[in-house]
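Structure first, then comments.
To keep things simple, chains are lettered A, B, C and D as they appear, and every chain counts its residues starting from 1.
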Amino acid sequence: MKRVLVATGGGDCPGLNAVIRAVVKRAEQERDWEVIGSIESFNGILREPTEIRVLDEKAVAGIHVQGGTIIGSTNKGGPFAWPIKNKDGSWDYADRSDEMIRKLQYLGVDAVISVGGDGSQRISQGLFEKGLNVIGVPKTIDNDLLATDFTFGFQSAVQVATEAVDKLVTTAASHNRVLVLEVMGRNAGWIALHAAIAGGAEVCLVPEIPYDLNKILEKLKSRYSRGKGNAIVVVSEGAMPKGGEVVGVKSTEVGYEHIRLGGIAHKLSYDLKEAGFEADMRETVLGHLQRGGVPVAYDRILASQFGVKAFEMVLKGEFGKMVAYRHPDIIAVPLTEALDRPNFVNPDCSLVRTARGLGISFGD
Amino acid sequence: MKRVLVATGGGDCPGLNAVIRAVVKRAEQERDWEVIGSIESFNGILREPTEIRVLDEKAVAGIHVQGGTIIGSTNKGGPFAWPIKNKDGSWDYADRSDEMIRKLQYLGVDAVISVGGDGSQRISQGLFEKGLNVIGVPKTIDNDLLATDFTFGFQSAVQVATEAVDKLVTTAASHNRVLVLEVMGRNAGWIALHAAIAGGAEVCLVPEIPYDLNKILEKLKSRYSRGKGNAIVVVSEGAMPKGGEVVGVKSTEVGYEHIRLGGIAHKLSYDLKEAGFEADMRETVLGHLQRGGVPVAYDRILASQFGVKAFEMVLKGEFGKMVAYRHPDIIAVPLTEALDRPNFVNPDCSLVRTARGLGISFGD
Amino acid sequence: MKRVLVATGGGDCPGLNAVIRAVVKRAEQERDWEVIGSIESFNGILREPTEIRVLDEKAVAGIHVQGGTIIGSTNKGGPFAWPIKNKDGSWDYADRSDEMIRKLQYLGVDAVISVGGDGSQRISQGLFEKGLNVIGVPKTIDNDLLATDFTFGFQSAVQVATEAVDKLVTTAASHNRVLVLEVMGRNAGWIALHAAIAGGAEVCLVPEIPYDLNKILEKLKSRYSRGKGNAIVVVSEGAMPKGGEVVGVKSTEVGYEHIRLGGIAHKLSYDLKEAGFEADMRETVLGHLQRGGVPVAYDRILASQFGVKAFEMVLKGEFGKMVAYRHPDIIAVPLTEALDRPNFVNPDCSLVRTARGLGISFGD
Amino acid sequence: MKRVLVATGGGDCPGLNAVIRAVVKRAEQERDWEVIGSIESFNGILREPTEIRVLDEKAVAGIHVQGGTIIGSTNKGGPFAWPIKNKDGSWDYADRSDEMIRKLQYLGVDAVISVGGDGSQRISQGLFEKGLNVIGVPKTIDNDLLATDFTFGFQSAVQVATEAVDKLVTTAASHNRVLVLEVMGRNAGWIALHAAIAGGAEVCLVPEIPYDLNKILEKLKSRYSRGKGNAIVVVSEGAMPKGGEVVGVKSTEVGYEHIRLGGIAHKLSYDLKEAGFEADMRETVLGHLQRGGVPVAYDRILASQFGVKAFEMVLKGEFGKMVAYRHPDIIAVPLTEALDRPNFVNPDCSLVRTARGLGISFGD
């Protein structure tokens, strides 16, 4: 019996369970393969006792419609930097990668499918370089990888953000308000850009196009001068003023303290008021609502394609590679190549031109 | 030709447009009646030039599926306390109620249907006492009126809050987190209570049952001791600790400044951490997402019933009253009675008992 | 250890799992109680080997958001009329009720919570009369029980039907079509009536108000004469022409053969065309889409209330009764009383008056 | 002032209004351009009096979230084959294309943007050959055009079909039934294939892979033998048995008569029963529910891109071409090329391999 181990690392992402299910369903068609899952990314392997779960058809029945991941996830640590708390409360980090590879051998694992974001894939590459048979599956709602046309989870996040805009539009219009919606995306503005177009926003702020507060004021005032006392502003958590620095990217990572300082949505309202803008403004921070819930059909399909392909790469021995979507095919790209090429919003791309064509201002 | 004027006041509430449409549709069945709408509650009547819109079948076609209100709304001022800005920036308030009644006579208005919350209905009662033919339609997503079994907008808010819990559950489970969801409701805990039951929360905090931080800690720790490192806490914006005071009710009313101080969700996380609770926590403040968007079928139906009934009360001359739902009938209750009896969560009511039966802790 | 057995019988109904979960959650708060479930209604008890499943907290985790029932259901047979196939292919029915009661004693069952429609509750009453400690929980998406303000599952069915109307409206308007939507409800028109109001239909046909084809033609033609070449007709599966007989009730019960004969939606289109109506018409039969899927918050709450109350009735020994909702309380009513009083649409009720007030024709 | 005329032809498709809005929004950025819409495809131009509507920013406000098309659509006739009813009730068809081109000149129309399916685009090409400045925008929920990666409307249809599968799954499981869902797609199986993967069906039947009834029986029976008495079968309206002929494609085009004969879903159930399959089966025909309603974010974005691009092609004089999506760009392809190359499911494509990898049977 051969064994493939699946691990899911990093933030929540709609479609993770569909990947797991697809790997298991495909593996069940081969006589000699069994799938096991490591609980909370690679941490399950390193813990004592080892936390491993057998993943058979029954374990994955119906999970493709569920958000989250049935084998848990984590943003913390990993085999190359395992956190160890010192007596004085400070932290040290240990390299336990060799130990982990030994444990995998002991568990009879022939290949590892590592589903995760850039952090997880750097670990995958590190393990591959140490001889482990690793295959990567990209996981990010931010869609910030050039190697693949789209990542699963992204369309679900866009759909949630768009439905939020749809809801805010009626409040904005009924109350003559400017409503600011802060969405995720880290340093990439894709979610904001898509939601602004789909929802029909007036202003869209993305990290790749630093904004000028005066241009935003101009846009809002020109709208007011035409008798419309309301507007929707979609702002990416990583957006920033020209010459300024990002205040928001961390907004979803830290709790109470950070909110006190305010994310980019609150900063923007504050700055607009300071600049003399008198309209009534409100901020909505979507936060984790973008990461959870039932994946849209698009993401379930893409995730299923990734899962089936990943297992077929195991069969073929194509290790050190990551699955990717190049319409209409699912291909394999070297992990190194995937990690080196982020996908940011090009200010001259088709989508930005569409947004400008719809009259959306980027504040530039 | 007789005229009925419709005004919608106060915060956004799914179903407002269905009320307007129902009044118009019912009025079109009478030969001699015309419906007009005052823009932004009663303000449209007092403005120069007067802002009035004729509401015929075409104007209301299909609006019952839309959130917001096609005639606008406002939380500010009103005929009894019209804000006037002094030169030094301070505000005075003028009583323009007599002027408004004269203007309504001038416009040939025979009756007024005033859709609004308690603030608006106090104005309705004041105008009725001055001789105006007023009929009230209650509007609150908070469901805090004893006179009616339910108000429209409430079930839509509960549905939105429940879907938010559904989304957070998967993140909580995948990441071993405690997720705190702050919902609206002012001083009534109904939205929190309903969403906690429907979504399957572990803790529900409502204004009517002040909480003890230690009891919440106990509940969370007992859950952790059984191996579940995650939980959902639904907290009403008006919830407060025993002996404490409300910090959150205003969270949806003011912008940047208030968020810096933190609403109740952020306060709760902060207090739990201060008390030594070590789990990873995140807060989500639903805010205006609860008030906008397509109303659920239940609210469209209730709002339609209110609208038809209100116009029929106009025909019968039942003024100074408010429509109300007493299953399965729609009745008329005196405005004074309606205003005097708020509907708060009774700690011994059937729903609270159900919640406790499901193992939900109120932190008491 | 005491045991309560739960069984779910009859057609699918959103909220069934929330009832099961609530019973289990409430029972876990008592020291000495265990909940078991009989697979496929009472059939699980009678089968060899007995099909019983222990229902603990883990078994019911998260099930309240799922449609269907985790212990299965069935419309066939039952202890009083167990089907036995003869050699010649014909069927006989055996009374196995005494055997079932003996088996329950053998299993150590102290009380039975029977969740089901009128068929199941007649069985419950029969078993109660034979000495079994039975408590009934009503289950019908049709809302046709006078004993309770509402049944769970109904609002979910109404929401699905309303969303279907919302979708059809745009097609009707874009293509100048008359679209006929057939919804469930058996002999009660509640789903049709609610969906017609919530969706904004022009015609609503219910079993309780037999229609006159000419009146429908009149309504449609008067609409056309005002320049609107489209309309939505919501028709209950049990609707029928004056003096005619029901053709549709069975449409969801039998398969291919019946559809060949056509349900009421197809009959109506056909009859309208035969009567010379020239507009383009299309029919949509919602069918099982109304019964499945994630329950709306309202139904999850009502179902949870029923489940907690049912178990508390077990503790108090209130047998031979059914839980019911009388706003805002959950009460117990004798099974006999519940079975004797169906809840049909009263042509003079508030909802029908609202519908007429909105200009909806019942074809009468 | 220059004028561009927009026409929308053929069946309903989520995203049509987003195209119209994008053309108008983009045109408003040019000084000299005005957009007008022809009511009910090109028919509005040919009617007496001409039915034309000015499309300005107000006319298109908020329409991108609505299904259907605000300027109406039609499947009937067109300038090259205008239907004329003879006295004996038979029909003749007249070529009114020259007349239409003259009328467009008379109306001062400088360019035409024709949004429609293959029928409409053949008309576009015909008009272009006669000298009209035409630009095509593809419209089909079937996604059956090779020239473009995706068409708008398709993802919305897939989402609706997938949600239907999600709902049916719980009924299938609770009642041990085989549920057959018939979806649209004409001669292309894309909707069925996507929904089957996203929803997790057991069987998927598409026109491109004729099925063998025995293989389906085998699949269902093997599932039953493993103790699962339920299954979901997604069948494309154009699916057919090996050596058989299509029975279903017309199912959405004709009314009562056709349903009597049964679409492919009913035929399949019937054939399975005739072949001795004893399980309980039910059929659901999604029909027009797939074409209406609020478009998903994906379709709104793609439609907006198409609209902006189409107007920019007008500015550049790129006539006789159609907009198309080649990720991540929006390009222009000659109409003739677009019309000649349909996009059918290749039995060896990545998606089919994924489906097989998930254990989905195509009955081959």
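The rule is simple: a contact is a pair of C-beta atoms (placed from the backbone, for glycine too) under 8 Å apart; a residue touches a chain by one contact, two chains touch by 3 or more.
These figures come from a predicted structure and were not determined experimentally.
Least step count on the touch graph, chain B to chain D: 2. The minimum number of touch steps linking chain A to chain C comes to 2. Between the two copies, chain A and chain D, the Cα superposition rotates by 180°, quoted to the nearest 5. Seen from the C-alpha centroid of chain C, the farthest chain centroid is that of A. Centres computed as Cα averages put chain B at a distance of 31 Å from chain C.
Our note on geometry: chain A versus chain B, Cα centroid distance of 34 Å, whole angstroms.
The set of chain D residues that touch two or more partner chains comprises 166, 169.
Pairwise, the chains that touch each other are A-B, A-D, B-C, C-D.
Interface of chain D with chain C (complex): residues 11-12, 16, 40, 66-69, 72-75, 160, 163-164, 166-171, 173-176, 179, 252, 255-256, 259-262, 266, 269-270, 273, 281-285, 287-289, 291-293.
Within the complex formed with chain D, the chain A residues making contact are 21-22, 25-26, 28-29, 62, 64-65, 149, 155, 158-159, 161-162, 166, 169, 194-195, 197-200, 294, 296-298, 300-301, 304-305, 308-309, 311-312, 327-330, 349-351, 353-354, 357-359.
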